[in-house]
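Sharing a structure here in structure tokens format.
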Amino acid sequence: MLFLLALLPLLGALAPALAIRFGRDACALAAGAVTLTALGALATLAPEVMAGRTVTASVPWIPALGLNASLFLDPLGLMFAGMILGIGLLIIVYARFYLSAADPMGRFFTYLLLFQGAMLGIVLSDNVLLLLIFWELTSLSSFLLIGFWRHSPEARQGARMALAVTGGGGLALIGGLLILGNIAGSYDLTVILQQREAIQASPLYLPALLLILLGCFTKSAQFPFHFWLPHAMAAPTPVSAYLHSATMVKAGVFMLARLWPVLAGTEAWFLIVATTGLVTMVFAACVALFKDDLKGLLAYSTISHLGFLTMLFGIGTPMAALVGVFHILNHATFKAALFLNAGIVDHEAGTRDLKRLGGLFGLMPIAGTLALIAGLSMAGIPPLNGFISKEMMLYEAADTVWLNQPWVFPVLATLGATLSVAYSLRYILHVYFGPRRDDYPKPPHDPGVGLWGPPAVLVALVVAIGLAPALVAGPLVNAVAGAVTNGAAEPVHLALWHGVTPALFMSLTAIGLGVALLMNHRRLDRLWHGAGLPDAKRLFDRAVATAEPASRRLIDGIQNGSLQRAMVALIGTAVAVGFAGFLSVAHTPGDRAGIPASPAAVVAWIALVTATAMVVLTHRARYLSLIYIGIVGLIISMAFVHLSAPDLALTQISVEVVTILLMLLALNLLPKDTPRESRPWRRFRDGAVAVAAGVGVGGAAWAVMTRPLDSISDYFWENAYSGGGGTNVVNVILVDFRGFDTFGEIIVLGVAALGIFALLETVGTGASGRRLAAWTPDTVRSPEHHPMMLVVATRLVLPLAVMVALYIFLRGHNQPGGGFIAGLVVAVAILMQFMASGFTFADQRLRADHHSLIGSGVLIAALTGLGALVFGAPFLTSAFDYFSLPLIGEFELATAMLFDIGVALTVIGAVMLALAQLSQVAERAEKETPPETETAMDIDPGRPEPATAPTEAGR
Amino acid sequence: MNPAISFLVVAALIMPAVLGALGLLALRHRLAVSRMVSIAACAALVAIAAALTLHASGGTTESYALGNWRAPFGIVLVLDRLSAMMLLLTAVLALAVMIYAVVTGIDRKGWHFHPLFQFQLLGLNGAFLTGDLFNLFVFFEVLLIASYGLLLHGQGPARLKAGVQYVVINLVGSTLFLVGVGLLYGVTGTLNMADLAVKVAAAPPGDQGLIAAAALVLTVVFALKAALVPLHFWLPGAYAATTAAVAALFAIMTKVGAYSLIRTGTLIFGEDAGPLAFLTGPWMLPAALITTVIGFVGLFAARRLREMAAWSVVGSMGVLLSAVSVFRVEAMGPALYYVLHSTLAGAALFLVVDLIAKRRGEQGDALEAGPRFCQSELLSGLFFLAAIGIVGLPPLSGFIGKLLILDGVRAAPEAGWIWGTILITTLIGVLAFARAGSRIFWKSAAIEGEAPVRALRGRTGGVVVAGGLLAALAALAALGGPVTAYTDAAAAQLFDPQQYVDAVLGENGGGRR
Amino acid sequence: MSGSILPWALGFALACVSLAILLSLFRLVRGPTSGDRILAVDTLTINVIALIVVFGVAEATATYFEAALLLAMVAFVATVAYCKFLLRGDIVE
Amino acid sequence: MTRRLLPHPALSVLLVAVWMLLVNELTFGALFLALAFGVLVPLVTSRFWPDRPRIRFGPDAAAYVAIVLFDIIVANFQIAWIILTRRNRDLRSHWLVIPTELRSAEAITVLAGTISLTPGTVSSDISSDGRALLVHALDVADPVAEVARIKQRYETRLLKVFR
Amino acid sequence: MSLFAEILIAGLLVMGGLFILVGSWGLARLPSLMTRLHGPTKATTLGVGGCLIASMIYFPASGQPWSAHELLITIFLLLTAPISANMIAKAHLHRQGHRIDPNPADDIVGGLPHPPGGGDWATYQGAAKDPAPTPEQVPPLRRLD
Amino acid sequence: MTMELLVASAIAVLTAAGVYLVLRGRTFPVVLGLAFLSYAINLFLFAMGRLVIDRPPIYDKAAEAYTDPLPQALVLTAIVIAFGMTAFVVVLALRTFLETGTDQVDGREDGETQP
């Protein structure tokens, strides 16, 4: 039942949105039905609660976190749930008639029910984490409600401000409640509420308290976090009535009440909570007096009354808490009624501006009467409910000593009451009484019962509680107070007349002074507006207005789009962190004996360093640096040869040349030199980072090479031949022991080629297409495209190279070589044809689909690996055997070779795809078409007619 | 390993590879077939990953010796709770993204979307499954090269410029990866992660300096993928510039970095590593906190919705890594939960932003009001939910995730910093999204005019996918109990590296032969 | 006498080739034209081929000859490409 | 048929030899592969070599090869001598123009290659009508005599080989 | 190994080394690119050939299997060296003809003969006939080094 | 003077050159720098197996000492991957230059030309 109650509004929230298809009545009916059902459910539970039993329901949700979907209904929850649903129902009725046809009603009621559900969740939660969820949900749903009239800038801003303040407070509350839960050892409220001593003794009590109070104060609009509330008045009036009388802002007060047993009673609690409440009460009441907007006045009065309540809970005595509970109820009734009344005035007279209103009583007698009663209750005039709780409050205040000053509370409380009288009367008098005006924006008249009915119900309660408090509210208030104070509050007999007490004199003083203030209102008003008091809203606006550009400056400052900055950060961090880590623990230099360097090695080293230095020094001359870098690759391959790594040497050599060809192809269309851009300090910085990185990596290499190694490699030596069927251990590792690496590696290569294809396939479109079309060569070009000697020589080289490739491929498993190198050799040989005979000639004759080569290469490798599964062995398990054929002799067949074919095909496909694409880009840029001949040579002496060389346009 | 499970483990890798290759061979010019195959493959991957996760939830760590060469000599695939979870997350995300790409026609904007996508999945799955550090490098490269292709899919100047940054910085990152792997091999003589754990724990004191340097260099590499400040520079531009589907898929890419940090941090440099135990945590934590701040401030500073989405990824990585870097079992479970959440939430936001931008015509995703656009009501709802998810407000999983993290780190000495950072940045996020939503939806509602874009491909399909991802966030929250039970168990498994070592190397841990 | 000539000859040959590499390096750095540098790279590569061959003899292993063979092929391709770039800008057209 | 199967028979022979040199073993298996590749590779690559030069592999060709090999060795000593002894300013460098009657690209290439490999000369360019070679000579006393020597020693022999 | 073989191998090695050195010495000291081309293309090739033949003899002589790869390398070098030289010469003629990086030692502009029959060299058509471009005409044509 | 020292210092020089070049503001030097880093890392990885002369990784029952073949296999994989990546980045640099009219990557807005 309890779950049903809590979930009904949330689940039913969709109902209005769906029902709107059947009209506005259906829509409101759906929302009302949901609320009414929930109210009914609550009613069935109420007797049990009033009988002193707490209704609980719990299902585990996230046990690991201690977040359980635990609900409980105690008197406090009952009272709040009743207000939420009861007033909610009235609001729904009212809103049905209040909203105009243009307003999307379905959405409105959906938001409203969401909000209602969230509020219910707060008051029913028996788990603080669950409560937090609902808490934040109220912030979110109220954001939607306040911003409902999205076309209005005030509504948008008000919604955001409310969300910022209450949402932010909610985050603080999260912190506070988590601490509380951790002190208590559980996030279940019922457990926490039993841990008063532990909590108050904990060193974390104060931080928890501060965080929780931040949450409560923001939600309850306590000074100085109050400023969002008046701006939330941009919401439709039913929303304001709902949020600011009984629900949203009361959530903060609810929290104070809920946690009262464990948090209250300390010096810190009293000083913070009671003082904040008192200040808020007086300050907001003062502001309210000078608000000309009806809703503004009510908003500040709400803040003031919230201060009132906060102060009562802050005083920390059970009796004060009881008064607080009572006033929660009273305030909800008269304030909701007044908001709805303000809505009626706005609706009927077309304005909420007090300066433009007056004398409406005769035109709208029903509304006027309701306003009169509710307003007098707010003013604390007997025999209405507002009077009783105000009296009791003054009574409590009179006994409260603040920092050894007994006068502070009574005086300020009386002042608050005075101001309350003044603004309440102002509402009544300046709207309904005084001279009737003839310049109302709309001709005012009493609304239909749909609009005055709901406030009338509330006003009836105002009167009923006022006249028979013990009967109407007594049992509930006592029960709730008992729940709030953990039974510390003695039940009291609520009565209208308490006898002649100091509070009565304070009350009388308040009424007298209040009337006096109102009589001098015009003068005071001028003074007030002349004072130019700081407006919290403007401060907030300014903060937001500075925050945005400031954050932009920060982010733009960090994120300036420079690759080099990112790179310095990366490399610098790696170097710094790596060194720091190295130095933070022990290190012993190794003692492995080195290999004496031969003079040839020293010469090679000199060549390497020279070439490297030349690249760095002349890197701005791009072509030149490509010549120098060739030497670096050459020396490294030579080092691999010298250091027993023939496979590496072969691979490095062939990769090197393809890379250089690629770069040359790209350089054709790129600028030929790099401008000098970086300033000396920047070059110095980069140099320093570079040297540090070099020292780091080189030093690490040195440190490792000079210590002995105990590696898993022995296993490879022992098993390469017997288990892998090859004598070239490196190749066996590649295609067998670590075939999965190779599998990934060829995919990288293939995908790189695909990426290149995708990049260049569209080069003819858009900006790059226009650039290519406008491209002119930036070097002087010789007229000859395909020199004869070169063409002839490469034709002989091609078959030779293919033979070499076949050889390298076939021997790879046992000797240096393998599919990758073989593939590259073939690719280089074909490339030679491209260079010598030209793209068109060679491409026509190649007739290969590079994509399919890549695809089938990967597929062959994968299928070879999968083949093992057929035989029940793991993926990539190899097999090999030796066969013997007459004449041919013994030979070996290994699945690894099949895998290697896949590698070779992928390599050829990838390299050819990349180079073919790159060549085509240059084709696009080319304006002259090279002569197309059968033999591809520009000058072919074999042709009958002497060839006339093409003329060079560039000369 | 049970044959069915081993078959599924292999299938998770080979299916994308074979389909990628087939896509090149046979389906290059057949879009319709490619699409069907891709979606079916993603769905199959979800099923496979789900089965593996179910199996892993039992708590055994499974090891699969590729090529029948036992660890540490051959390469092994290892399935434990964490890797299974990452597979499932990847598969679910991939399915959503693929459907989105198909219904909105993103896959037609450039070449080879489908093969690249499959290869991307191969790389991701490989990275999550491998038990070998160098093989992890290889699969990093596979997923990176595929991501380069996908990132640049469709091209255009902004994408190309961002692509250059992304590619180059990751190439340098790969170089650093090799420095780290190489150094570890040079000192310990092994590459298998379980064996590394054994060797590092048994390393003589004199070797520790080099191992520490290697560990931190690797951390920098993984932190680069995870976009930890100051290594985040590449992310905002790249993610904001690429197509929505790709950006959504990339929500998992940063998690690969996080995964690697978690895996190496708990296994190789875990409790048993003596003075090297958890040595990366103190370096990561401040960076993670700053990342959180920068990410959320970036959210606030953004000028476009896509930038917001990109920064939100940075911010969420900060939150996630804050929890990771305390290296406590009670914080790791929450961190893993947050991995699930932040991946799906980030993806959802990218898709929602794309839906909005497509309907706003010229205005696109600029954070300024424009004329009303079609489906703006619906999209405002989706945006609201996505924002809630990203920022971490209830009722979606982001809130649960943050609660879990706050609760999980409480025993750490640095808890105050983490709490303060997470809570304050959440507020910044709230403000940023409130402002954005208000401008895009509410302010625009005041501007009359014809909807800039009327007819649209995949009008409902795209919305359904984005909604589905958001529903997944809700489900993640609603099923918080079982999910956290799983993530907590995964965390417990991570903090019991001996079990991993035993599973990979046999009971006598690390003995040869 | 047998057994002492060969090491001496190998040492001499190594010294000559090393010196040759240094001389080529000088031309590479000195230039002055691109053609000089291409020629220097070409010569250097051939010197390295010689070095590999001599090393092969010195270490009595034939394993490295493929490297020399490949180097010869690749040096040719590279030289052609460098020259074609100077001549035409586009090396494949 | 033969032409189809063996587009460049001489090439096939060369490739068989190359394969045998590569695998470095004289077995039937190796020979089988060599023959297979010797046929297959030219088949695959012949597309890039559309025309086929007519070469007479006879005593003329053999003599030519022998002469060239001999000249290469002699040339090297000469060049070495010049490099080591001649001062730069005493070098008598010349450009030579060598008109040729050879009419096939392959033949001219062989001639140019020979010139480059032999004493003090480098083939630098061909005329745009393909009828003359531009040759740089490092150190010649009499350019006209040098041209005549080249024509007589190499070109006349090549004319017999290439027809 | 027989003394004869050893002496033969040693001699070949010494000769090869010397030629390589002389070739590179020529590269370093000769005055212009066209003259420098002679050294490496001839001497170096022969030098490498010497070493290769030494190696070819060495392996069977020392009882190891005979290896013929060296022969292949030699053939390959003989095949490609003239082409490389030709390409370098062409590039040089082209660049000198356009005075892109003029080297006074190679006075090609004034000194290049013309082919018979009125045509021009394939690479270098008519450059000698053109007046030398003024520096202002050069900038759009880029130097590459 | 040992080979180890030569190799370690060569690695240092190559790394430093690579880092300096990748910190330049244009794509071309950056690509050159990446090539240098790739050289450096290949040598580095290779050196992790320690230096051995004249012990090629060819299985031979008679041989007693071996080179470590594993780093060689790793380097081979690394070379191939780096090759693919370099090719890709070269083309990307070209494509970006053609699209934007500048090869500048240092975050400056200037230097772009309209097509």
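Chains here go by letter, A, B, C, D, E and F, matching the order in which they are written, and residues are numbered from 1 within each.
In this text, contacts are C-beta pairs under 8 Å (C-beta built on N, C-alpha and C of every residue); 3 or more make two chains touch, one makes a residue touch a chain.
Quick caveat: nothing in here was measured; it's all calculated off a predicted structure.
Shared contacts of chain B and chain C, meaning chains that touch the two of them, come down to A, F. Listed here as common contacts of chain A and chain D: E. Interface comparison, A-E versus C-E: the pair with the greater number of contacting C-beta pairs is C-E. Averaging C-alpha coordinates per chain and comparing to chain B, the farthest chain turns out to be D. If you average the CA atoms of chain E and of chain F, the two centres end up 30 Å from each other. Put simply, the C-alpha centre of chain A and that of chain F have 38 angstrom between them.
Centre to centre, using the average C-alpha position, chain B and chain F are separated by 28 Å. Measuring from the averaged C-alpha position of chain D to that of chain E gives a distance of 15 Å. Under the contact definition stated at the top, the residues of chain C that touch 2 or more other chains are 14-15, 17, 19, 21, 34, 37-38, 63-64, 66, 69, 73, 76, 80, 82, 84, 86-87.
Across the assembly, chain A contributes 561, 563, 565, 567, 571, 623-624, 642, 646, 667, 696-697, 700, 704-705, 709, 711-713, 716, 737-738, 741, 745, 748, 751-752, 755, 759, 766-767, 778-779, 782, 784, 787-790, 793, 796-797, 800, 804, 815-816, 918, 939, 946, 949 as residues in contact with two or more other chains.
Chain D has residues 18, 22, 112-113, 123, 126-129, 131 in contact with two or more other chains. Chain pairs that touch, as defined above: A-B, A-C, A-D, A-E, A-F, B-F, C-E, C-F, D-E. Within the complex formed with chain E, the chain D residues making contact are 18, 20-22, 24, 72-73, 75-76, 79-80, 83-84, 88, 91, 93, 95-97, 99, 112-118, 120-129, 131-132, 134, 136, 138. Note for the complex: chain A touches chain B at residues 60-67, 107, 129, 132-134, 136-137, 139-140, 143-144, 147, 150-153, 155-156, 159-160, 163-164, 167-168, 171-172, 174-175, 178, 182, 544, 547-548, 551-552, 554-556, 558-559, 561, 563, 565-567, 569-571, 573-574, 577-588, 696-697, 700, 703-705, 707, 709-713, 715-716, 719, 723, 736-741, 743-745, 747-748, 750-752, 754-755, 757-759, 761-762, 766-767, 851-852, 854-859, 862-863, 865-866, 868-869, 873-878.
Only residues 787-789, 791-793, 795-796, 798-800, 802-804, 806-807, 811, 833, 837, 842, 845, 847, 885, 887-891, 934-935, 937, 939-943, 946-949 of chain A touch chain D when the two sit together in their complex.
Interface of chain D with chain A (complex): residues 11, 14-15, 18-19, 22-23, 27-29, 32, 37, 41-42, 44-45, 47-51, 102-106, 108-109, 112-113, 123, 126-131.
The part of chain A that touches chain C in the complex is made up of residues 598-600, 603-604, 606-607, 610-611, 614, 623-624, 626-628, 630-631, 634-635, 637-638, 641-642, 646, 649-650, 653-654, 656-657, 660-661, 664-665, 667-668, 777-779, 781-782, 784-785, 790, 797, 801, 804, 808, 815-817, 821, 825, 828, 831-832, 834-836, 838-839, 915, 918-919, 922-923, 926, 930.
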